[in-house]
Amino acid sequence: MSYQPVKFYQTGTFTVGNRLLAPVERSVQQSERRSNSINSGHRACQGCGEALGARYAIDAAMAASNGQLIAANATGCLEVFSTPYPESSWQVPWIHSLFGNTPAVATGIAAAMKVKGRKEVRVVAQGGDGGTADIGFGCLSGMFERNDDVLYICYDNQGYMNTGVQRSSATPPAARTATTMPVGPEPGNVFGQGKNLPEIAMAHGIPYVATATVADLRDLEYKVKRAMNVHGARYLHIFVPCPLGWGSQSNDTIRLARLAKETGLFPVFEARHGEVTGVLKIRRKQAVEEYLKPQRRFAHLFGNDPHTEVIARIQAIADRNIRKYNLLDEEG
Amino acid sequence: MFQVRIHGRGGQGVVTAAEMLSVAAFAEGRYAQAFPSFGSERMGAPVVAFCRIDDKEIRLREPVMEPDAIIIQDPTLLHQIDVFAGLEQDGYILLNTNRSFDALGLSDYLSDRPPERLCTLPATEIGLKHIGRPIPNVSLLAGFAALSGLIRLESVIEAVTKKLSGKMMEGNIAAATEAYNLIKARMEEVKHA
Amino acid sequence: MLKQIEGSLAVAEAVALCRPEVICAYPISPQTHIVEGLGKMVKAGKLAPCEFINVESEFAAMSVAIGASAAGARAYTATASQGLLFMAEAVYNAAGLGLPIVMTIANRAIGAPINIWNDHSDALSQRDSGWIQLFAETNQEALDLHIQAFRLAEELSMPVMVCMDGFILTHAYERVDMPTQQQVDAYLPPFDPRQVLDPKEPVSIGAMVGPEAFMEVRYLEHARQLQALERIPQLAVQFKEIFGRASGGLTQTYCADDAETMIVAMGSVLGTIKDTIDEMRAEGHKIGVLGITSYRPFPLAQVREALIHAKRFVVLEKSLAVGMGGILATDVRMALSGAGLHGYTVVAGLGGRAITKKSLHQLFRHAVKDELEPITFLDLDWNVVNKQLERERQNRHSGPIAENILHDLGVVSAKFG
């Protein structure tokens, strides 16, 4: 990876204040010149990972495009909590059309800008995991395949939270949702299903694919900036915990996002033209229990009669990711 | 109004023939309406196309069920469909074959029709000779011009010029001219017979 | 300039003259030739600046058009049948957002059973979507309506469908008078959007609207359609001034002045009806025609005015409201509420069944004597229907309907009507 990860062991945590960094390395968000693209006053839940991720991502995209940005948004939490008319939080030109067509709408905007000769205007499209991996998948694949000049951002909270926490194809195995209840012989979501959107994006051979979490906002901003530096179809998959849907504490959002990465369950990497070019290494490897336990959607795995075999299967998924993406630092 | 029905197979330029006939009529300042009997595009399948020609605007949108002329681009269709269905008693028949009506066993069937309105033309051979491909459509159009006198050879050639270019255009013009002259001569024979 | 040209290509050339900026294409018969024609022009650089986007579905086609239109570009697409249904969600969305997209519908039946031939089921399924729907009788009118459609759509900031009969018009070669670029430019000013996505002045388009304002937003859509009722005839007048021919408008009549029997229809079948009427007039029958050009907005007043002096009306439509009867007929009856005319519904031409002059003669002769049933299915093969009904009575496991019926009919390749 081309940038040097900044390690600040002195804090004892993985966070670092901007004041410890050289101005050039500071985040977009610390600047009072940030665009506040999603204004305060929206209606997201406390501790909403998606609100945090979107704010950082869109502000970073605004910074990278000198404020020349148009955003398209799929139906979903982000759209609903940010817009009840006329209290839009959006300080960028923004359109919501439907649940499943956002990549295509973005294609249309990009085409219009091209025709109008407004090369400086950039286009982002955004949606949740349901809007991206399920109902909007056809349009997403079409946009990728045509290599349209759009940055698509998926805020992945692993389910249909807006409609009341139902399973999506990004819901992890064993997780409780309203449509995968923890009852019967195989409680929660089944194993062996679901799709890996970042890898599917890579299979299209598009110029840039990356994953990020809201636990490492500097990395998130960096990836948005990298994505904005190239033209063509780009995909950014951001892991955003959902306190409501996961049954987690609002103040655990960042911790859970970090644990997802540190367990290996959510590999953080970037890829160019279908090839992985860099990964964020696991700093301090954690067992998956640490990630699962704070979430009520996995509560049925624990308690008096813990489902150790199920936890072991989840651990195996994490271990496979670690091997596949080489997530453990040799020296660390 | 004069109505033409063209029978052939997918790949023989049946629809193009109807189209060029309409363009030829248009070139003579007349109203024309050409349309295919619509279906999925498949090579070798029976295809029908229609052309109406009139001196006033054509409003009618039904298929041509009682044609004044029938052009058959592929003689094998004779065994498959009733290509003569609805043909007016004094209607024209132009059949692409290198054999005679007699040899095809059609003489009895056609015996009560006026002989000056019936003709065969080796249009596939003419196509092969001039354009190197067994496409009979332009030759048959020119033949039809000669048989019916409804349109001029120049108009058929103009339609060819609009639709095609280069060698295909030149070859088809040569094919049209040969077919026209062939049938013109044949019709003279019939007249004097 | 007069041209002998395929309907689809005539429309493609007319759309090109309207200087579209974004064209989205997904293939479905019988609409394909239109976007193929446009794609060739864009590829050859004859239509610049314009983006031609080969999308992955009709849903994407309409969605790309939505994005392009919201960003201030003149957007166009074309579809038919299943394609229109597949994009239905986006069709409603485009209207709800007030985006002036123009779309050609090459009218085709809806399956199952799958059928590529003409009827009006596709367009009429979207009659309540908020789109203006104009129906062309000829290729000349189809061409002209597209030019009017862009003007109307952009003036009122609402989308317009131009409906032309699939195959019957799209694949027919006939004479059209192709306007010049100067004429079209004089009629159609550059697109000046009412709302636009632009970093210079950020707006939110498509925000959620709750019960406190939804009805008002929806009413405004209706109000714009009512405005269109006024603008459509005015735009037709202006069109005639520049292009020198009458085209468009809400309705048209033929031999209607003293008609006791009025036939109401939409699209290309009007031509066959007019030919039939001429022959019946020659025999002394007082019969006339009302053609509906603007199906949405539906010109209730004009329809009433055109029919009110007759004794009876026959609505001949290429659509069926299954379980109810006519679709167009219902609207026409609404226009004639309380008028006390005899009204007849005729469902005809479904799935490309040819509507022949011969059948129309028979039908209209029954109509003038008030011998028609309230609803008639023109040229329906009752033998086939009854045989299948009997089969279903006899056998619980009677199997697929279409297969049974085709089996009863035998080889159909001998038919070309």
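Letters are used for the chains, namely A, B and C, taken in the order the chains are written, and counting of residues starts over at 1 for each.
Following the convention adopted for this analysis, a residue touches a chain if its C-beta (ideal position, glycine included) is under 8 Å from a C-beta of that chain, and two chains touch if they have at least 3 such contacts.
Bear in mind that the values here come from a model prediction, so they are computed numbers and not experimental data.
Novice: In graph terms, nodes being chains and edges touches, is this line, ring, star, complete or other?
Specialist: Topology of touching chains reads as a line.
Novice: Can you name the chain that lies farthest from subunit B, using the mean of each chain's Cα atoms as its centre?
Specialist: It is A whose centre lies farthest from that of subunit B.
Novice: Whose C-alpha centre lies nearest the centre of all protein C-alpha atoms?
Specialist: C
Novice: Would you kindly tell me how far, in whole Å, the mean C-alpha position of subunit C lies from that of subunit A?
Specialist: 44
Novice: Any idea how many Å lie between the Cα centroids of subunit B and subunit C?
Specialist: Computed value for the inter-centroid distance: 34 Å.
Novice: Averaging only over C-alpha atoms, locate the centres of subunit A and subunit B and give their separation in whole Å.
Specialist: 66
Novice: Give every residue of subunit A touching subunit C within the complex, in rising order.
Specialist: Residues in contact with subunit C: 67-70, 72-73, 79-80, 83-86, 88, 90-98, 100-101, 104-117, 121, 138-139, 141-142, 145-146.
Novice: Using the touch definition up top, name the residues of subunit C that touch subunit A in the complex.
Specialist: 21-22, 24, 49-51, 53-57, 59-60, 62-73, 75, 89-90, 93, 97, 197-199, 201-210, 213
Novice: Name, in rising order, each residue of subunit B that touches subunit C in their complex.
Specialist: For this pair, the touching residues of subunit B are 5, 18-19, 22-23, 25-27, 31-40, 46, 48, 57-63, 65, 80-82, 85.
Novice: Along subunit C, where are the residues that touch subunit B in the complex?
Specialist: Touch list, subunit C to subunit B: 2, 4, 6, 29-30, 116-117, 138, 165, 167-168, 171-175, 268-272, 274-275, 352, 354-357, 413-414, 416-417.
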